[in-house]
Amino acid sequence: MAGAAMAVAVTVGLAALGTFDTTPDPNGIPAGSKAFMLALVIAVVVGFAAYAAVEWIQTRRLDSIARQFDTRTIVLIPIAIAINIVLGQAVGTALKLPVYLDSIGTILVGVLAGPIAGAATGLLSNLAWTFLLAGTPFGSPYAWPFAIVAIEIGLLAGLFGYAGVFRSRPSTPWPRLATGIVVGLVVIGALVWYGVVPFYRDLCALRSTPLRLCFQFFVDGPVPVDPLFIAIGVGIAVVLVVAAVAVAVRLLRDRDLGLVFVLVAGVACGVVSAFVAAPIAALVFGGITGSGTDLLVFAFQYAGSDLQLAVLQQSLISDSIDKTASYLVVFAILGALSRRVAGRFPQGERALGTIEA
Amino acid sequence: MALLTRLPPETPTAYHRLNPLTKAVVAMSTTLAALVLGGYLAPALVFATLVVPGAIAAGVLGRVIVVSAAATLPLAVAVALVSVFTRPGSTVLFEFGPFDATLEGADFAARIVLRLFVMASALGLFGLTTAPRAFIADLERRGVSPRVAFALGAVLDTVPSMVARARGVQEAQRSRGLDTEGGLLRRAAGVVPLVGAVVLGALHEVERRSLALDARVFGSGGTRHVLWAPPDTSRERAARWLLAGALLAVVVGTATGTLPRLP
Amino acid sequence: MLTLLAVSYRYPGYRRRAIDGIDLAVGGGEIVGLVGPNEAGKSTLCLVAAGLAPGSIGGAITGEVLVDGVHPTARRGEPVAGRVGIVFADPASQLSGVCGSVFEEVAFGPINLGLPVADTVERTRAALAALGIAALAERAPDRLSGGHTQLVAFAAMLAMRPSLLVLDEPVAELDPDGRRLVGATLRSLAGSGTAILIAEHDLDLLASLCTRLVALDAGRMVFDLPIAAALDDPRLIELGVRRGTSAFVVPS
């Protein structure tokens, strides 16, 4: 029902927008891309509203939402919020890497209790971080604008959990595993190519200082590449390679197809979160978060992007890494959690597969 | 009963005694106004009218400034570095290697830093004059679900207890010979079992805790007559609406361009 | 008072029955002890008597459980509201974590029952006084010793004035004074008509408190005898339950 409503909304939205406008705006992004994203967001909201309305009309209650909030969830939420805050604070102040790791608790609640519970956790987490812990060393006056990002993260995690993305599938036979890996890479590749790369084109056309800076991939013709970009690129590449090797080893050792699902979902969540978070970061904070990601904003803005675009370019990289890492951490936690304990949460059985006695 | 009057958190000054929602509305109005009204003058005015008097009345002005400066400083440095050297502009102040420092960049950075400082000070004033449990009790009295109130209240205990548990696990690991000193890589590798132990320990406790809560008839709905809640006055209520109305006017005025842009 | 008729219970996702075919009655004013080796089903029986299984945990139950003639399982997802108090072994996990003082912690249950403030205050004071911890009223609950925390948890249940009190290894963290207090409180509760079911390894404590002793093994009831006969029963030793396992004796 919700799916149908969403599909209708998307179709109507696209029809209203006319053909996909590929003329690039001043930043080089096809105007159609942004409109498409907007239509997608509106479709999600409409779909959710339709779902809730139908349930209310049919049963006069909102059971599927209320069911996500039993006592176990209520006890879990503050623990998840604490995980968010403690980890986020530790990583933000201690490590200077392009990750935040402040939504692991939210994702955990989303998977175990459901999308609405996950969204509520995200909201309460940011509000608690800002208001309840204000004046303490753990408080942050800058957390509240990102509440909507946290809501989106919790929502997505809940939906992925509902779909069984986080199920461990060990000892998958090789042919299936290989197929899964290939499909996963294709999906990630498509996501990156259509959702991410367009925002990095034409980086060079904008600035005409004596020292022209470009990402060599996306420009034709010989252009000198700035050592700054090489350094940043190498740093990110090293992190990614190490992580990829670790994941690959785990994948080959356990033959767990679930790992592939989690990776794809993590990248998807990262891309979506980037789009939601970047405007907020740019508008409220001038694109700065005080973490290692600021270096990326520096680099992109130096290459000629305006603030909004530079923040988006940074977000797409760091949020993808951050959410993928977070999803992997949650996957590891769920794997270590006793099945009996996990199964008692509202969405636990669905998210982790049925329990054997 | 005398004990009941001793249960609520202490309120040393009149500003402390204001209803938590009032103080929250002040904080959010300050923050949003500083955000919506750009420039230098407007955030400074907002700071001077909505933060400073309250801070002085509560006797926490010094602490508010220190706390806000501490929160703003790391971001200020980052904003300055990024905006000054990479934001496009025509007036070059000085050069640093291949980077040009522009006036426009400095101007942008200064405005952002000011805004962040005002935001931090508004919330800092709130945090230093409002006991979180009082805020939650007030919210519950206003109709927030007791379950939400519980989830928020439990955060206050869970954060420090999780840190304490992490220290305990760290001690146990150290006594078992796990290398906690050493290079970054080794320390990073040591973080994983630590985080895992803390998180899994907390998760396995959820079952027991929720049983204990259910046994005490938690979450079954119905009215709860709590032992204390912060008082509210009609004057404060009026002040809150006034402030909210003013904020709305500011937002609408800025959006429609009717409000003149201050420097 | 508690009545169990041919009760069997399975935890969710498990095929084996944790308790099997239990018939048990605990009348008002009785103190019934529960012994048995580990995994015998003592804790499960306590949860079933309190209505938390299957009410809170889920799982499958057969047979009848009645507290004061009411089915705990008739209400969806809720134990018999306030009629049954249950005290667990681990003190810390029984605290709510949201109360700034011991007084509020103990008042948490009565407040949840919807009682007016005056009644809540009266019950809380009485519960604190009964356990000798009135001096702790304004202390923060998370700063207490394990023994004190357990007494607070006990008081929190007492404040709800349950007609059945179930205790699952309640004295593990308590020193001799604490155990003495608990024993005295249980006796006075029984005197005023509360039914009490207490699962314990400490046979000396049970010997001094209980009127009856029930032994479980692998989910089944081995015997249900008056205390004197139970203590002489040779099956007790087979179950691995012995006197003198505890150095602390509660004087009667």
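Labels A, B and C are assigned to the chains in the order they are written; within every chain, residues are numbered from 1.
Operating definition for what follows: a residue touches a chain if its C-beta (ideal position, glycine included) is under 8 Å from a C-beta of that chain, and two chains touch if they have at least 3 such contacts.
Remember, predicted model here, so these are calculated numbers, not experimental data.
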Average the CA atoms of each chain to get its centre, and name the chain whose centre is farthest from that of subunit B. C
Quick one: which pair of chains has the most contacts? A-B
So, what's the distance in Å between the C-alpha centres of subunit B and subunit A? 24
Cα centroid separation, subunit B vs subunit C, in Å, comes to 42
Give, as an integer number of Å, the spacing between the C-alpha centres of subunit C and subunit A. 47
Provide the list of subunit B residues touching at least two other chains, using ranges where the numbers run on. 136, 150, 153-154, 156-158, 209-210, 213-214, 218
For subunit C, jot down the residues that touch at least 2 other chains. 56-57, 97
Where subunit A touches two or more other chains simultaneously, the residues are 70-71, 78, 344
Can you list the residues on subunit C that touch subunit B in the complex? 47, 50, 52, 55-57, 78-79, 81-82, 84-86, 88, 90, 93-98, 100-101, 103-104, 107-109, 111-117, 120-121, 137-138, 142, 153, 156-157, 160
Interfacial residue positions of subunit A with respect to subunit C in the complex: 70-71, 78, 339-340, 343-344, 354-357
Show which residues of subunit B lie in contact with subunit C when the two form their complex. 1, 3-4, 6-7, 9, 133, 136, 149-150, 153-154, 156-158, 161, 205, 208-218, 220, 222-227
Contact residues on subunit C for subunit A in the complex? 11-16, 56-58, 77, 97
Residue ranges of subunit A in contact with subunit B within the complex: 69-72, 74-79, 81-83, 85-87, 124, 127-128, 130-136, 138-142, 207, 211, 284-290, 294, 297-298, 301-302, 304, 306-307, 332-333, 336-338, 341, 344
